[in-house]
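Pasting a structure below so you can have a look.
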């Protein structure tokens, strides 16, 4: 009897561990361990509270620093920490700039759990970019994202200290989280019509866009050779003058005389 | 083998009298300086353009009729695109060596205009446009315009998002022409934007009208050059009455062939290794879509920069509007290129020099001309910089507003400063060096009583071999 | 034969080096040519094709350049310039040839010459007529768009757009129903926080709930779609020339070369609460043109 119970318990545990947390739900509760929560709170007090205030759901310490109450919840925490945008790098440059993550994966999870629970928005998007969604993703991307990020994800200046960052090397998780958050000048929903984090239609659209952004890294995308930054005719003109004409002027100097 | 050649030459000569003409032609002397090869670089780029362009024409379909893309490029599968765009995609992804030919063609276009500009600079700064070469100068400027037109029409043909945005701007610029703007625009495009006819009309310009003019004028340009003989830098044995250099055969022929081969080699390398105008990334043109950053090809960049510099002044007189686009996109290029075209006559008036010149100036020998040329280049350089203001902004971590304001002020100040600095620099270089025409056997450095140095030309003696 | 041998012995070490180098260059070209055939017939690859073509052409080029520079012998030559002008005598002879056989009819005041000129002018003008067939008259088309009173708002796929389609601080591109994708009708529907708009009362009345405002998407500077909406500053940026428009202040330009605000599209709600336009844009959309202010 006891052996059966242990066996069943073991199978159940195995099943629990091996079952992907995916399925059709958009929610992905980032673990409910109280230890994680406590660690998160400790980290928050050490690293974040000096600017964002002692309570994530309360007021921040400075007028220029947003309260974490409605910046996008757990998704915002996960995104800014994973991409190294937070903690803010020494007041230099716009907050939007990517950097090296300053926390390890476990600590990021802890902070995500803590802050997400504290502000009442603990959901992280669950992205599934599949290859066959790429054409649909391209269309949606053209509608909603290309104006700022460029059709090839090159990114652009947005005036002032703001930029729309390059998407040529981001993860699907980044895409989904950014759409949910609407960080900086980006609108919540990323410009998608009828965006709702919990709706199946929006999830599908986000998956499609993430699939397209993934495709920006593939070979057929840069079939012509070195992309020279992917920023279009300006670097191309630079190459034409410096490398193209430069090489030919050197050739002319070799062939021709000096007097 | 030799007898066969001899027999062929005899055959042709008996019918066309080629032998004596060819002998005279092959013995023609051309001066040897490397900077005289810059025009040839442009010519050889044109050769590459014509050959690769012909290949492209066999695949391109100048139609805006919608088709569904079903080629191997997955992100566009199932998309409705224009037949023109579809044909360029097919060429890039499904035709062997198609992408290479397309990219070589486009790189050749960029280098073509760059070579023309650098050749123009050489001609300008050495005073080669002076009498009797004013007409060839005019032909050259017209060739520059034709090259700009060819480039613009060419990269607009694939009907992609980026070039379509450029076409929309071109439409707005022609609209801004006073009095007749709306009519000219509707006649040119065939109606309200995006008039469907424009792609096929650009095709006619790009493949037929402009190349015919371009090639015809290039032939004329070279014919006048051969007739008038090339200019040369001053030096030993060179006068206004002779040409010193190498003969067309064999030296210049070998050199020109080598330069042609190098030009095609560089363009082939760029065409294979450096991606250019990846239209599949931009997607097809739709009039309500936009992508960032958005710039034209480099040689139109000065107009883009001029448009960005502003100023935001539109004028309404008696109920009629002059758009703010008029100043940077119509008035400025009109004045700038007008001055450029008329420069030989402007300079003649200012310097009172109406003589024939076959010996070139070094830039320092004509400080005012060199300074004016540098100031003009500075104006265009500022506009080019502004054309990429959003890209430079991200690169340098500076806002586009800061770049724009700096360059607006720069436009007023920098050309003046450039003129003054260049003028002073030329003058001081002139003062401290002997004219090359006076050097026959070298220079001697001599200390003066005042403590400075002066250079004296040496006389040729047996111990100073020339 | 003796001359040949003498000439061969006259080759300096430098020239022999150049000969060898040229030989290597030509060999590289031949090998690259073979490589190109292999690459092409095994499917082709753009980068390899480019490099191999470069090697063929460059190999040939290096070889020929070495030949030209080192192996031809530097023979400087001098040619005398001839007078370019035909001289006064020459020009006179030309004029004489022109005028010789023409006869009295070409006398300046001849009626026939004048009529010839007139006919020539008529021909010239007549030849312009086919040019006029190239396009329609502008008419009022630049001043009107397909928006009408009662036009429902749809997105580019034709799907209906409702108040809920746009989250706060969000935006989408809208068209009149039946004209999805129309170039001159394209408009931006922007959801701003309540009470934030600073519009005159009659314009504010055309903003449902004071939150959903619509402007033309066509930049009034040079016509690019103004697709960049900045959610925190609530302003629009045009990517072409960086004109910036303040959404809360009637889309007036506050930076950049644009001189006029983006025309507002008056919106309302129909009986079913669906978003509709109340008429065409308040002004002609897009860049300025000569008779823009004229009715």
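Each chain gets a letter, A, B and C, in the order it is written, and its residues are counted from 1.
Just so we're on the same page, a contact is a pair of C-beta atoms (placed from the backbone, for glycine too) under 8 Å apart; a residue touches a chain by one contact, two chains touch by 3 or more.
Everything quoted here is computed from the prediction, not taken from an experiment.
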**Chain nearest the overall C-alpha centroid of the shown protein atoms** = C
**Prompt:** Which of the two pairs, A-B or B-C, is linked by more C-beta contacts?
**Reply:** B-C
**Message:** On a C-alpha centroid basis, what's the spacing between chain A and chain C, in Å?
**Reply:** 35
**Item:** chain A-chain B separation of Cα centroids, rounded to whole Å
**Value:** 43
**Item:** Interchain centroid distance [CA atoms averaged], chain B/chain C, Å
**Value:** 17
**Request:** Mark out which residues of chain C touch at least two other chains, giving numbers and ranges.
**Result:** 46-47, 50, 61, 65, 68, 156, 173, 225, 227-228, 239, 242, 255
**Request:** At least two other chains touched by the same residue of chain A: list those residues.
**Result:** 143, 146-148, 156-157, 159-160, 164, 223-225, 251, 254-255
**Complete:** Shared-interface residues of chain B (touching two or more other chains) are 32, 99, 103, 255, 258-259, 262, 266, 270, 272-273, 286, 289-294, 389-390, 400-401
**Asked** For the complex, which residues does chain A have touching chain B?
**Response** 93, 131, 134-135, 137-139, 142-143, 146-152, 154-157, 159-161, 163-164, 212, 215, 220-228, 230-241, 243-245, 247-249, 251-259
**Request:** Please give the residue numbers of chain C that touch chain A in the complex, ascending.
**Result:** 46-47, 50, 61, 65, 68-69, 155-156, 159, 161, 164-173, 225, 227-233, 235, 237, 239, 242, 244, 255
**Request:** Provide the residue numbers of chain A that touch chain C in the complex, in ascending order.
**Result:** 143-144, 146-148, 156-160, 162, 164, 182, 184-189, 191, 193-195, 223-225, 251, 254-255
**Touching residues on chain C, where the partner in the complex is chain B** = 40, 43-44, 46-51, 53-58, 60-62, 64-65, 67-68, 72, 75-81, 84, 131-132, 134-138, 141-142, 156, 173, 175, 181, 183-184, 186, 217, 221-228, 239-243, 253, 255-260, 286-294
**Asked** Which positions of chain B touch chain C when the two form their complex?
**Response** 27-29, 32, 96-97, 99-100, 103-104, 132, 165, 168-169, 171-173, 175-183, 185-195, 227-229, 237, 240-247, 250-251, 254-255, 257-262, 264-266, 268-273, 286-294, 304, 307-314, 316, 319-325, 328, 356, 358, 389-390, 400-401, 404
